[in-house]
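Here the structure is laid out as structure tokens; the discussion comes afterwards.
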Amino acid sequence: MCRWLGYIGGPIEPRELLYDPERSLIEQSRRHAPDMAVPNGDGFGLGWYGRRDVPALFHSDSPAWGDRNLRELAAEISSPLFLAHVRAATGTPVQETSCHPFRHSRWLFVHNGYVAEYDRLRRDLMLAVRPDLFSSIRGTTDSEVMFHLAITFGLPEDPIGGLERMAGFVESLAADTGVAEPPLQMTVGVTDGERLYAARYASGPEANTLHYSADVESLRQLYPADERFAHFSAEARAVVSEPLVELPGLWHEVPAGSAIVVDNGKVEQLPFTPHRPD
Amino acid sequence: MCRWLGYIGGPIEPRELLYDPERSLIEQSRRHAPDMAVPNGDGFGLGWYGRRDVPALFHSDSPAWGDRNLRELAAEISSPLFLAHVRAATGTPVQETSCHPFRHSRWLFVHNGYVAEYDRLRRDLMLAVRPDLFSSIRGTTDSEVMFHLAITFGLPEDPIGGLERMAGFVESLAADTGVAEPPLQMTVGVTDGERLYAARYASGPEANTLHYSADVESLRQLYPADERFAHFSAEARAVVSEPLVELPGLWHEVPAGSAIVVDNGKVEQLPFTPHRPD
Amino acid sequence: MCRWLGYIGGPIEPRELLYDPERSLIEQSRRHAPDMAVPNGDGFGLGWYGRRDVPALFHSDSPAWGDRNLRELAAEISSPLFLAHVRAATGTPVQETSCHPFRHSRWLFVHNGYVAEYDRLRRDLMLAVRPDLFSSIRGTTDSEVMFHLAITFGLPEDPIGGLERMAGFVESLAADTGVAEPPLQMTVGVTDGERLYAARYASGPEANTLHYSADVESLRQLYPADERFAHFSAEARAVVSEPLVELPGLWHEVPAGSAIVVDNGKVEQLPFTPHRPD
Amino acid sequence: MCRWLGYIGGPIEPRELLYDPERSLIEQSRRHAPDMAVPNGDGFGLGWYGRRDVPALFHSDSPAWGDRNLRELAAEISSPLFLAHVRAATGTPVQETSCHPFRHSRWLFVHNGYVAEYDRLRRDLMLAVRPDLFSSIRGTTDSEVMFHLAITFGLPEDPIGGLERMAGFVESLAADTGVAEPPLQMTVGVTDGERLYAARYASGPEANTLHYSADVESLRQLYPADERFAHFSAEARAVVSEPLVELPGLWHEVPAGSAIVVDNGKVEQLPFTPHRPD
């Protein structure tokens, strides 16, 4: 199981979410918690929007907790929108091309989950990717192919729809191929640099968790003495696979089978229903 | 806290201890257990005696669990004597020169533990290393300096004595420097290619654990149907920081403040008493 | 341009070819020579037959010249048959899954060269790989796909034939796709642990070089005082992309458009003629 | 031999010097040139001043030419002052803690050269470092110790003087120890975030090269059609171990035994005379 977070709002240093909270993403990657079978030590990535329209990427195949470069970058840069990911490999090699976020022009994508029996489905999944996108698949993870399938199925024009068609395609292929297990487990985060989209879905009954932060104004009223909330901009929102701090009222759970769109501080929740692309 | 194991006996493939047991060293490095605060994902090493008098080394700064090279080697080589180590860094950089085992001519050394406030003591510890050994210190861990101090204090002629004088020196320097915490925590494994030495010691009340396996003949009587014990040679012994399998009668705990010498299947237990070198 | 060597004969330590000669493979990877545009610093690999039927692999994405693990292994192991490769990437990522030799059951494969406009051809080349082999493609290089195509086209039963059909397929696909450049540049080494096969071919007029060593008996007569030739077994042969030492009579050049089979000290030379598989 | 460059002036993207010129630093690290014995493939580093008073660092032990993270960063960040370095190891391990620039509070330091017979001198050089600085030595290169010696001898208050005393100390220790070769070879770059200092010195007759760029106004008059010079700010200056482009009038050579101070577009040249600290 991987872990990830997204931030959108006034510019902050990524360290404020990656390192500073008691259950920061980097701390989660290493410290045992009841939800943790194995550490997230198989590489990590940070994608952020800075001076340019296209996002910048930093990937490493080392554990995030010991990486001095990540610690430097997370304090040096300041960004209004970033995605970070710590990986626990599920069978594919530990290498930088396996690291999230994946990028396609202005888009970034992170994933926590898996395609069941991926080795059996990999060829057919890759064949369904639009041929002109094929050679931009640089690694060998299911996540990267899922992203390219979602683009194939219209993600840039309709992000949630593209993800739904990707999920529907994976499920229908798995059914045709005779995969016995629930084929898809996913929380995903996607952004074009303006809005942050996320979805929580599993073919089976157990879906990996997904949360987003309450609006900053409410948090200030709830915790008037907490300097963190004074510091964050009014429209700031974090989307996380697991809560970064335990604080009543801070986190809203995204229900399984739902997606959210975070736009200028507002969070819209939508149903997420996989369906086979036409 | 690091973890390590040593094996001495008839030649075996290291994978038999590194990968095959339910709580193998590699599994221990990754899977949570009650004794585990953080994973042992900050590099690993394998040192083994093969075709030559001097041992061979394989080190990597990646987590052991995802390393394909280690998996290959552990199945390809066969050795009558090896030491393996998985690291959890305690403040010093994650790099190959920090990886155990450390080697000095025919000797190998592994360590689990730390020198408290090492940054404060480092200069004086390094100064006490015999000047002609100074430039063979290639990394920056406390463990490597402890090994070079033990050599300085006579380890090649008197392994347990050399370790005792090293421990005594560290404790006396810490006292002189005003280190408040108990200064030394250690289990160590040392070998010259013929005997396997190990010690368990802590300046304070809690000492990291150390165990060695019962003699194979007894285990065969205790578990006549277990193929593993039929397979191992009569004089085979494993020394481990934590048990590799839960099996009554398999493991003997080395008491804190004790050392063992494993020689041709026999285990001799000795007191381990740090004392300041003359 | 990559560089590689193969050895077959009485067991030797790989360091005897990797490190010891004046123009050893590792030295070639680093030191400028008139034939060298860029260093071979993008990873390396060693595949060898040891205690088991299947060969062992050691891969790294670091430059070979600074790798302490390779230096250790090359002195510790002794093998009657090995392939070593130093890589200069031609556009695909520097990672272990890009490193040669590639392995398929008992087979090893190394390649020096490229498929022109590989990004354009990659999808169709991968589609032509036998579906049950598809998921064993772990990296993203043209070389790995060439190997899997050769297996698809019968390499295990007919090594040179499998390679010829692979080459024919690449050339015919390139022609169909409108690739303007000569599509294929290759020297390859292949072995099943018993014989060593090699081929030299290019679609255009310039083919990368390939040499094999003269028989040891002749070399002993030619250089009676040279201890190296006294040391090597009578049937020992090396196959190399570039000569390891300058010594008249030592190296035979394999002509472009030719293949060789090295079997028990004998070298058979055959034409290598790509043809499209049926 | 390492290579490095420094830039000071209006903010630019480091890629403009690291990647874009025909003989860019990254190209120099890989492509053969008459002055190049071996590639600079043993790690690299970039240190830059951005949002904070302290500089940020990015280090890697991989070759710079294949590093995707460096390519990203060099295009994403924009900085008025940075130092970049590509390393060719001279005996010490290839690891991130060996990578330049080294940092001490607001200071950055890069070095091209070596201390002759460093293994023999290392202990005495380290002993001469101010004890409270000792534990901030994290790697094992001569360069890092040279930097800490220069700080010990007053670099923060008097940069050129601190370097002269460091050089004098190295030479005098080498003489006392009986080192036969000329003991010191160096070009160094040092900055506190406001000025850029550099020095060129060798104990023997051959000193590694060092150049700085002509003032931008003169270059605009010399090359009125060259868009690069229109783009750079009037006070921009580059200091380089080797010229990045061949263009008459662009580069001034710093004479051996000289130092320069670059301050707000002005370059002051001073003698560099090692002398033993009191």
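Letters A, B, C and D mark the chains as written, and numbering starts fresh at 1 in each.
Assume contacts are C-beta pairs under 8 Å (C-beta built on N, C-alpha and C of every residue); 3 or more make two chains touch, one makes a residue touch a chain.
A quick note: this is a predicted structure, and the numbers were derived from the prediction, not measured.
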{"item": "For chain A and chain C, chains touching each", "value": "B, D"}
{"item": "Numbering shared by both copies at the chain B-chain A contact, with half separating same from different", "value": "same"}
{"item": "Chain centre separation (chain C, chain D; CA means) in Å", "value": "40"}
{"item": "Multi-partner residues of chain C (each touching 2 or more other chains)", "value": "61, 68, 93, 96"}
{"item": "Arrangement of touching chains [line / ring / star / complete / other]", "value": "complete"}
{"item": "Chain D-touching residues of chain B, taken from the complex the two chains share", "value": "61, 92-93, 95-97, 119-120, 122-123, 126-127, 131, 134-135, 137-140"}
{"item": "Chain A-facing residues of chain D, complex", "value": "50-52, 56-60, 68-69, 72-73, 75-78, 96"}
{"item": "Residue ranges of chain A touching chain B (in the complex, touch as defined)", "value": "30-32, 36-39, 41-42, 61-63, 65-66, 68, 89, 93-94"}
